[in-house]
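Everything below concerns the one structure shown next.
By letter and in written order, the chains are A, B, C and D; residue numbering begins at 1 in each of them.
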Amino acid sequence: MTTRSDLPGTYVFDGPSGRRGRPLNRMLQSLRTEGARADFRADEAAYCLRFELSAEQTTAVLERDWQAMLDLGGSIFYIYKLAMMDGRSMQYLGGVFTGMTEAEFTAAMAAGGRTDV
Amino acid sequence: MSEVIWGLGTSHVPSIGAAMDRDLTADPKWSPLFDGYAPAREWLAERTPDVAILVYNDHANGVDLDIVPTFAIGTAEQYRVADEGYGRRAVPDVTGDPDLSCHLLEHLVDDGFDLTVFSELDVDHGFTVPLSVWTPDPGDAWPCPVVPIMVNVIRYPQPSAARCYALGQAIGRALASYEGARTVGILGTGGMSHQLAGARAGFVNPEFDRMFLDAIADDPQRLTALHRDEYIRLAGSEGIELIMWLVMRGAMNARVRTVHTAYHVPASNTAAGLALLDNRSAP
Amino acid sequence: MSEVIWGLGTSHVPSIGAAMDRDLTADPKWSPLFDGYAPAREWLAERTPDVAILVYNDHANGVDLDIVPTFAIGTAEQYRVADEGYGRRAVPDVTGDPDLSCHLLEHLVDDGFDLTVFSELDVDHGFTVPLSVWTPDPGDAWPCPVVPIMVNVIRYPQPSAARCYALGQAIGRALASYEGARTVGILGTGGMSHQLAGARAGFVNPEFDRMFLDAIADDPQRLTALHRDEYIRLAGSEGIELIMWLVMRGAMNARVRTVHTAYHVPASNTAAGLALLDNRSAP
Amino acid sequence: MTTRSDLPGTYVFDGPSGRRGRPLNRMLQSLRTEGARADFRADEAAYCLRFELSAEQTTAVLERDWQAMLDLGGSIFYIYKLAMMDGRSMQYLGGVFTGMTEAEFTAAMAAGGRTDV
């Protein structure tokens, strides 16, 4: 997605992001059905190929590089579907994006959220 | 003519629904949130409307990602609860009200709102969680038929807060000429401040949220004056969902009475809030 | 800033495209129609814009029938020609202009138009026939990139003619601040009077059509004043497509010069018409 | 579709028509692909059943009762897909709707269309 220069650390899912991320997001959206998840698990790279992901997007998916998925146009609502499949929580992802462990991030939320960013 | 009797603004965080579905509402982690809902739920239980309008957004579940309507309306007789990836929530499907949908559609189009029509639609947590906040134990059916109004809050550019409020005002005008119901409840959903991605993930802005919970009742113009970029800055990239509360507010009278508000951090990665507004007893 | 240099109103009857695709344009049945197009095509061939905007409707080919946007815009890099049932027309796919699409989208949403975004879209005869009317022999590619604007003209309630005109005016304002092109052509498609179904099938109203061909240039307010029910009554249940010409007209100057008009009955079950308007040389 | 009382002989595809006609129109829209057309030809009744057409809609389709398809909520743009499949023209349909033969209807159009209705 696009990081707006006037708002550091914030992705805005706009036209260019949507175009860049389209194959990735289509693939991720497809994971809503168990059949698709089974296909994906059987051969993740082949599944990415079927949705015409770019090489960078495929690598990001295979390596579960969540930050790279964002940078390559992924929308968090689609990315989360893969995280759910892996048994990862939104707190885990929050930790990844902010350089914290899941426990640290969860604790920060429990303490009232990150009010200083 | 139909009358809006109440407006309910509420978060629609999936984990709120999950906590209810898994019977965790008495858990110390969750009980402060649900305790905050209790007075609103009691008040609402005695004021079931003939029909409700629920303003929400889809999260990549009911609508294909290649199609993003700014505003849409459902006209179906029934809305299935979406399977978001791991089975659908064990809550009832939603009974619609096609007659009211078509009345709203025709009046809103004539009023210059360019709605997209969904003849069929699966509804995700953005829709079912607010229903659960309103009605924790629906049994076999939600308390009344519900018409969905969908708003794009995910893809930039989202509609302006002022346009959302204007849509609500047009809904109010359309209801004034509707003969098919006497009483209407309207729900605006989403928020409060939160951001899921990026270095600012976990962002919460309690000052903004408190201001919003006051202003939604007494000074909505303060909220309609904010540009989408200000919502993203002040409430987070997902907190901009709060513009949907303004559709609800626009459908109500200039003066309303706040029945109850609640605010809690966190629900998942989000600040959760609720505002229940009485449209019939302003001072 | 970009400037609309011309506007082209034209029917989009599938059989016009079929006649071209099957080399029947010199056939006595078809030659009067295509002879009428000739002066417009010559004028246009010397005035290829940097980009075009094409206002059209889908006919159950590119969009699922459960989803009907009042107004939509395509933001794709490429639009595939739809297979409407018996193979796609042997004409080039359409190159889009995502940069202009996003510029228009942002400005139109901020101007209070509630567009639906299509990130991907197959285009049917409603789109390709007007391109063929403009450019009979495109070779490998149409003369310039084209941005689709889609209007609901099939499902009641269609947007009002006045709202269509207002959308065009907003497009004109948005183009005035666009730096990515110098010259823009805009096409409004559909019509003229026709009705395909019911006891009134075959209905044609040449008086109305002649009035429309004059007024679209010189008195568009006469056309925006008509209610959708009047369009259906005067132009037929499918002739209401003519409201799409008003989007085109709204994007142009208050005064325009008519370069050429043509009118012929029938093309299939339809009255076919064309109006070519010059936006740069009003008296 | 709905016939508006103030405009005899004219169908308006509105909300009630759309709801009533939805299974029929879905079935008809599906006929855009050759695979679907082959399935349909193999067993038209079964194909209609798969799309949950009402009994009346199924009968109208099997009997090619074009007028009944309109009355049961069919949109002309969907109905035409079946007509195309049968090798029927829009002029043929126009004749059916107006009590003319295809030749008569075509002649009426060639003479300037039906300006008196």
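Methods note: a residue touches a chain if its C-beta (ideal position, glycine included) is under 8 Å from a C-beta of that chain, and two chains touch if they have at least 3 such contacts.
Values in this document were obtained by computation on a predicted structure and should not be read as measured data.
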When each step joins two chains that touch, the fewest steps from chain B to chain D total 1
Could you quickly compare A-B and A-C and let me know which has more C-beta contacts? A-B
Between chain B and chain C, the Cα-mean centres are separated in Å by 38
CA centroid of chain A to CA centroid of chain B, Å: 26
Centre distance in Å when chain A and chain C are each reduced to the mean of their C-alpha atoms: 40
Which whole number of Å gives the spacing of the CA centres of chain A and chain D? 46
Scan chain D for residues touching two or more other chains and write them down. 14-15, 18, 22
Touching two or more other chains - residue numbers and ranges from chain B: 65-66, 105, 119-120, 155, 157
Chain touch graph shape: choose line, ring, star, complete or other and state it. other
Every chain pair in contact, whichever chains are involved: A-B, A-C, B-C, B-D, C-D
List the residues on chain D that touch chain B in their complex, please. 14-16, 18-19, 22
Could you pull out which chain B residues touch chain C in their complex? 65-72, 105-106, 109-110, 112-121, 155, 157-160, 163, 166
Quick one: which bits of chain D touch chain C in the complex? Just the residue numbers, please. 1, 3-4, 6-15, 18, 22, 25-26, 29, 31-33, 70, 75-81, 84-85, 90-91, 93-94, 97-98, 105, 108-110, 112-115, 117
Complex contact set, residues of chain C against chain D: 29, 59-61, 64-66, 83-86, 154-157, 193-206, 229, 232-233, 236-238, 265-266, 268-269, 271
Please give the residue numbers of chain B that touch chain D in the complex, ascending. 75, 77, 98, 101-102, 105, 119-120
